[in-house]
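Just below sit the structures, each encoded as structure tokens.
Both complexes shown next keep chain A, but they swap its partner, so chain B is in the first and chain C is in the second.
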Partner chain A sequence: MSDDFQTQDQMIEGALRTLFRPEDAPTALSKRILASAAKPAPRRRTPMLGMAGVAVAAAALITASVVHEHRVELRQEQLAGERLAYALQLTTQDLNWAEQKVNQDLAVGPGKPEER
Partner chain B sequence: MNIKLKFGLAVPMLLILMSPLAGQQGVETSPGRIQLAFDGLNRRAAGVNEISLDGPMLQLGIRMLSTSESDAQARAMLSRLKGVYIKSFRFDGEGKYSDSDLANVRRQLHGPGWAHIMSVHSRPDRQDVDVYVMSDGKGVAGMAIIVACPTELRVVNLVGPVDPAELSRLGGHFGIPQVDADAGRKDRNRQ
Partner chain C sequence: MVEGGLSWHAMRMDAVQFERALATHQRMVFSIALHSLRDRTLAEDVTQDVFMALLQHGAEVDSDEHLVYWLRRVTTRRCIDQLRRQRWRRWLPLMESDAVEVATQNASGSDPLLSGRLERTLRGLAPIERVALVLRYQEDLDAAEIGKVLGLSSDAVNKHLRRALAQMKVRLSGAARPQSAQAACRPQD
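This part shows the complex of A and B:
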């Protein structure tokens, strides 16, 4: 039991020594005491900061997801446009080729040797 | 009462869930649509290119093509399209495909409503082009083009009221090169 008291005394003495040093000016002591008292404050703010952090992270995630979705949609639109342009190019090219051949054949006229 | 309520909720839910499928089926079973199925040709081809555009993606594609006023007429013509489907095979040598590979497609094109409107076989160019048009009584409902070269085979299927003449006039729009298909006819008129 006495050992416990002794340990507590030592701890208190150690803490006082940390706070109060005889060589310091009185203002230094008050500053140190205030600093020591202010220490637990961030711990009280931690849950609030944590919540705010989570909210900011969620907002950032939602924004990133919306931007990504918009980019994907835009890419899909571009791809659809490119594919359609390619499909139309092939189709018109084939149709024009066939039409040209028919017109050439008509230009040669009946009874003449067939070019195609 | 409870069963009635459940049933009353289930039917509209089922209808809502099935509505996109019904839209898709509309294009799938559209009169001008053919199935571009080629058994085993994918394995023999060196390259296969497939384009399948319908519904909202096709409308998006049309919007993405151009917003220029000069393309407005061409865009209006395209907006009537319901679907654009192309299957193209590239082979690394000659004789890698035969007419039998096209049998499935040709069988569909010999079905009711389809008419074979143009057939061009060019020996110098070693290219054959067959153009088919589908009519549904009200007008053109679709078009199909088969292009066969020694090392390339392509089938194009356009679904909707398409006018081949209008299509061939798309040259000069949307970056499609302009070709004077009437060159031969003009030469004849000059003579």
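This part shows the complex of A and C:
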């Protein structure tokens, strides 16, 4: 039984050695590799381009956020101005009404309040 | 030499050294990739990738032994990465006959049926087991040497090799059983 297993092991190992026999690479592959090697470091250029792209994108993002913040501040200032103007308008109306009332009272003169 | 000559970066490997390394070790790198991946086109791509990496980092290599070790290490890593990627992405090669061609070419001088079965069984093994088998039976490395290349202990390599061979034995005997059973059931003349 163990002899059978040993024979089977040997058979598999033998078949694997045959299956994994080293093979020559195609001639075209050497040419391809040498041609690729002759190019001026293409693999270095790609990361540099990528990094430049990331830097440009980051700069654009920062600029956009600064511009946006500036716009928001301007809008807030504008709104604050509008609120102030409205408040002043209300105050002016109140003051006008009060002045008018006082003038009316003065015109009527001293008397009973219910006569007014 | 390629037309116009090769232009070299200061940190890159020397042109003459690179061409010598390519001429001497391309066969080994290509064979490891071919036998691990069982796909000629992918093996060519991996070989090119490995030599391009050598071109970039070859200046770190200080001796012939170191070069062989470096090439084996980088090739096996690339193959394992490729095999792991393939596990998630099942696809048919553009040249459908590529895989079959590998088996048929290698089968010359051996039992083609057994080679075909081995081929199918190999495809079922884990990437690390396939690569360990290739280093063992193609490069004739022992467990310690394989461990050095794969970054594993000798015990771990032995475990992978034993498991791979056991799996192959089971699958091969499983495939052989129905035939022998059929032969036994066949009525005798």
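To be clear about the criterion, the second predicted complex is superposed on the first by the 66 of 116 C-alpha atoms of A that agree within 3 Å, B and C clash if a C-alpha of one lies under 4 Å from a C-alpha of the other, contacts with A are read in each partner's own complex, and residues count from 1 in each chain.
Note that in this section a contact is a pair of C-beta atoms (placed from the backbone, for glycine too) under 8 Å apart; a residue touches a chain by one contact, two chains touch by 3 or more.
Note that the structure is predicted; figures quoted are calculated from it, not measured.
**Q** First (chain B), second (chain C), both or neither: which does A:Thr7 touch?
**A** neither
**Q** Tell me the contact category for A:Thr46 with respect to chain B and chain C: first, second, both or neither.
**A** Touch status of A:Thr46: no partner.
**Q** In the superposed arrangement, which partner chain does A:Thr63 touch: chain B (first), chain C (second), both, or neither?
**A** A:Thr63 sits against neither chain B nor chain C.
**Q** Take the contacts of chain A with chain B and those with chain C, and give the residues found in both.
**A** none
**Q** Going by the contact rule set out above, which residues of chain A touch chain B in the complex?
**A** Answer in residue numbers: 76-78, 80-107, 109, 115-116.
**Q** In their complex, what parts of chain A are in touch with chain C?
**A** Of all residues in chain A, those touching chain C are 8-9, 11-26, 29-38, 40-41, 43-44.
**Q** In the complex formed with chain A, which residues of chain B make contact?
**A** Spelled out, the residues of chain B in touch with chain A are 51, 53, 57-58, 60-65, 78, 84, 86, 88, 118, 120-125, 127, 129, 131, 145, 147, 154, 156, 158, 164, 167-168, 170-171, 174-177, 179, 181-185, 187-188.
**Q** Under the touch definition given earlier, write down the residues of chain C that touch chain A in their complex.
**A** Counting only chain C, the residues touching chain A are 1-2, 4-7, 9, 12, 18-19, 22-23, 26-31, 34-35, 44, 47-48, 51-52, 55-56, 103, 105-107, 109-111, 114-115, 118-119, 133-134, 137-138, 165, 168-169, 172-173.
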